[in-house]
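The letters A, B and C name the chains in turn, as written, and every chain counts its residues from 1.
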């Protein structure tokens, strides 16, 4: 047994969150089919969520007993501004994807994040973002025919039109 | 015999087929390397694409893609700590630490040669013992699959790193994630909170991309200003001495790969994880500890997942039963091309069997060639500035998660698990067991229920069934032994025995 | 690369005018396949669609969307615009969603483009089963109650309907072992994990030919061309005539409200593709009966199928909600 452990900033809150979430899931698993039968659809979910509740409870108690390490601070070591900003950008991306469409959303996302992280010139950021977006578009959209949400850009029609252009020329 | 050889050589001697296998393998390596582009997806698209072709060229292209794709997953696992495919999860555990030391070239070299060895063994077993292995695989009853899943879950011990307790939590969490949605056996809703959103379940690929792609990218934002590790690209092809050293281990792990691959319902992902665990168990004194860049940790999963390819073809060719998702699609392709895959295929059309064996071995050779030649370009990727690389990884993760099911919901899941995984990583909860749990969830749950229903809900009858079947008994004993060897009790018994002996 | 970029930008600028000038289809059509890659529905759709693409002069991008017994795919298409660019490629299951409590939408929210073919149910047993015909099987179950293991694929699947037919004529005391599709269940049958499986004929025909499974009886009025020697259920038990012919089917659908022009074009394309000799051979080889119907004929088929099956399931006590609650008339 390793003597007195320390905990990072926010670790206790995370452990508490996991314990509570596990309890909610255990209740949910019970609600699936109760103790109806060994073969009930809720049997394995109940067993696993029970394991989750027990392990998270022990983890919580252990973490609670550990001393705060006094070195880490949540907003510096765990969630510094840079990571918080990128995470928010990701959430923004997810929300904008369907209404606005894949091409504009991705272009803006890449541009802003690359500019923000690299602190290089706008020309560099624009060049890199567009180039990579074109490559990703070609691979996923043209080769693998993944229909990304078109949003405000009628790229499906544009593509069909380009194709007729090429087939017409041949 | 002579006929078989002729059919085997068809693909090697016709330039068109040779080219298609090569093209497929090359494309497959990239498909496999990009998280979110899966071999399953690529082969489905190839069905429509090759619809009007003859059957030989169509199958050649698909087999190349399959072989290359299974191997390609290791690339991003080693270079970026982001497995390109589920079967490369174990590869990241020792491959990425090597890349951090600047040894990515060596890691990729060994991975490539060992994938080739694994692939070769898989193909050999397919060619020589297909009917035998398929009889064995068919004999697996629901309770055997269940025991196999339990055996898999015990791998949590190997994947946990620091805290076993947190590992067990992570594994159980993974199993619970796997249960979300409409239960496929009874259509009961589980963990859906009565929402339409949850009814379809959580895409396993979305969880994987989130936990390994996004959380890793976020994590690396901490070190955005540290310059990338310069990769030494000296000798890429490992020496014969190195290959020989790992040959005994690769034989064992390839065997695991073939058998797990041949079982309908289990594939390369489980095989690779089991092989990793096996390597950890049998390697007494690794030169470098596991998790810090042990060569054995690369050899085991990579031989196993490539051996599983040959394995997956065994039930397909002998019985018309798919060994995994890709062979399921290839069975569909054979139907479309007017063949009838089934137990009679090998009798009606022996040419097809030997043709596929030939194409697989050719693809395996192409994999070796392409694998060893393109390394320089790939390692350049890690040397890109992080400020550019990380946004690209994030965008690729999003597109990849969407592509699996054309679903925006999957993007939400992926991002959710990405951020959650980031916190787990920070507070020392291992991520590997979560994925392990998701992979094994259905195998465990479905087969437990089938097994206990078959015994009319009676536990005594269930255990009687285990004891009276040699296969079940073997698996059961293995479960007990591995379980005991992981508990603290065993450690004290062992040290006492050692003391007595001394 | 730069040339692609330029052409893409030029194309974007010109699109607005182009879109108006052209007729349907002006872009790719998305085909949502209700079941996983490699399954029967998937194989049928991927085989017939290239022919339809040729007639349409456009491309159909097929995408498997699994989960929720096909309800995920159905809801996806129902939530998309009714513009003819999102097409559902499905099987019979949605017609039972309402009575099984699996969803509140079914094919009444969709317009059938083409009902391609229907399958025939067959009862198969393991090669070592101690019975070889349907009456022998019933006699064996009578002597060994609660011992014979039947495979099943969840409520509303083909096995549950066939079992409902059987149990509405006789008592059936067996164990039902659930599988997530007839493929895995037939594998289990060959491995001895289950004894009897009601399956679609096409999925079992190769196994029967090789002797790895034993056909008991075909659930149809006439013998199947693919397996002419297997007796029909009505030859021994005429009481089944009331339920037959019955079978799962495959169809292509669009959401209600889709422009007539698009419906007409899609229907014509699939009707012609379904007449391709390769496709007909493929379907015959798998023991499917070609239907190739659309419009009112298809609608009538769907209505009748739903009435028959929903009430059959209801009489067997297998439904969650009575068909009457949804205005499904008793046939």
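The rule is short, and it goes like this: a residue touches a chain if its C-beta (ideal position, glycine included) is under 8 Å from a C-beta of that chain, and two chains touch if they have at least 3 such contacts.
The structure displayed is predicted, hence computed values, not measured ones.
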Contact tally winner between B-C and A-C is B-C
Among all chains, which one's averaged Cα position is nearest the averaged Cα position of every protein chain shown? B
Quick one: report the Å distance separating chain A from chain B, using the average Cα coordinate of each chain. 23
Would you kindly tell me how far, in whole Å, the mean C-alpha position of chain C lies from that of chain B? 32
Between chain A and chain C, the Cα-mean centres are separated in Å by 36
Which parts of chain A, given as residue numbers and ranges, touch two or more other chains? 145, 147
Please list all residues of chain C that touch 2 or more other chains. 30, 63
Among the residues of chain B, pick out those that touch two or more other chains and give their numbers. 185-186, 406, 449, 453
What residues of chain B sit close enough to touch chain A in their complex? 34, 37, 41-42, 45, 165-166, 168-169, 172-173, 175-176, 179, 183, 185-186, 188-191, 193, 214, 218, 221-222, 224, 385-388, 390-392, 394-396, 398-399, 402-403, 406, 408, 411-412, 415, 418-419, 422-423, 426-427, 437, 444-445, 448-449, 452-453, 457, 459
Seen from chain A, its contact residues with chain C in the complex are 130-131, 134, 138, 145, 147, 153-162, 165
Within the complex, chain A is touched by chain C residues 1, 4-5, 7-8, 11-12, 14-16, 18-19, 25-28, 30, 58, 61, 63, 85
Would you pull the chain A residues touching chain B in the complex into a rising list? 8, 10-11, 14-15, 18, 25, 28-29, 32-33, 37-39, 41-45, 48-49, 51-52, 55-56, 58-59, 62, 78, 80, 82-83, 86-87, 90-91, 93-94, 97-98, 106, 109-110, 113-114, 117-120, 128, 132-133, 136, 139-140, 144-149
Would you pull the chain B residues touching chain C in the complex into a rising list? 40, 44, 47-48, 51-52, 138-142, 181-182, 184-187, 196, 199-201, 264-265, 319-322, 325, 328-332, 335-336, 338, 340-345, 347, 405-407, 446, 449-450, 453-454, 456
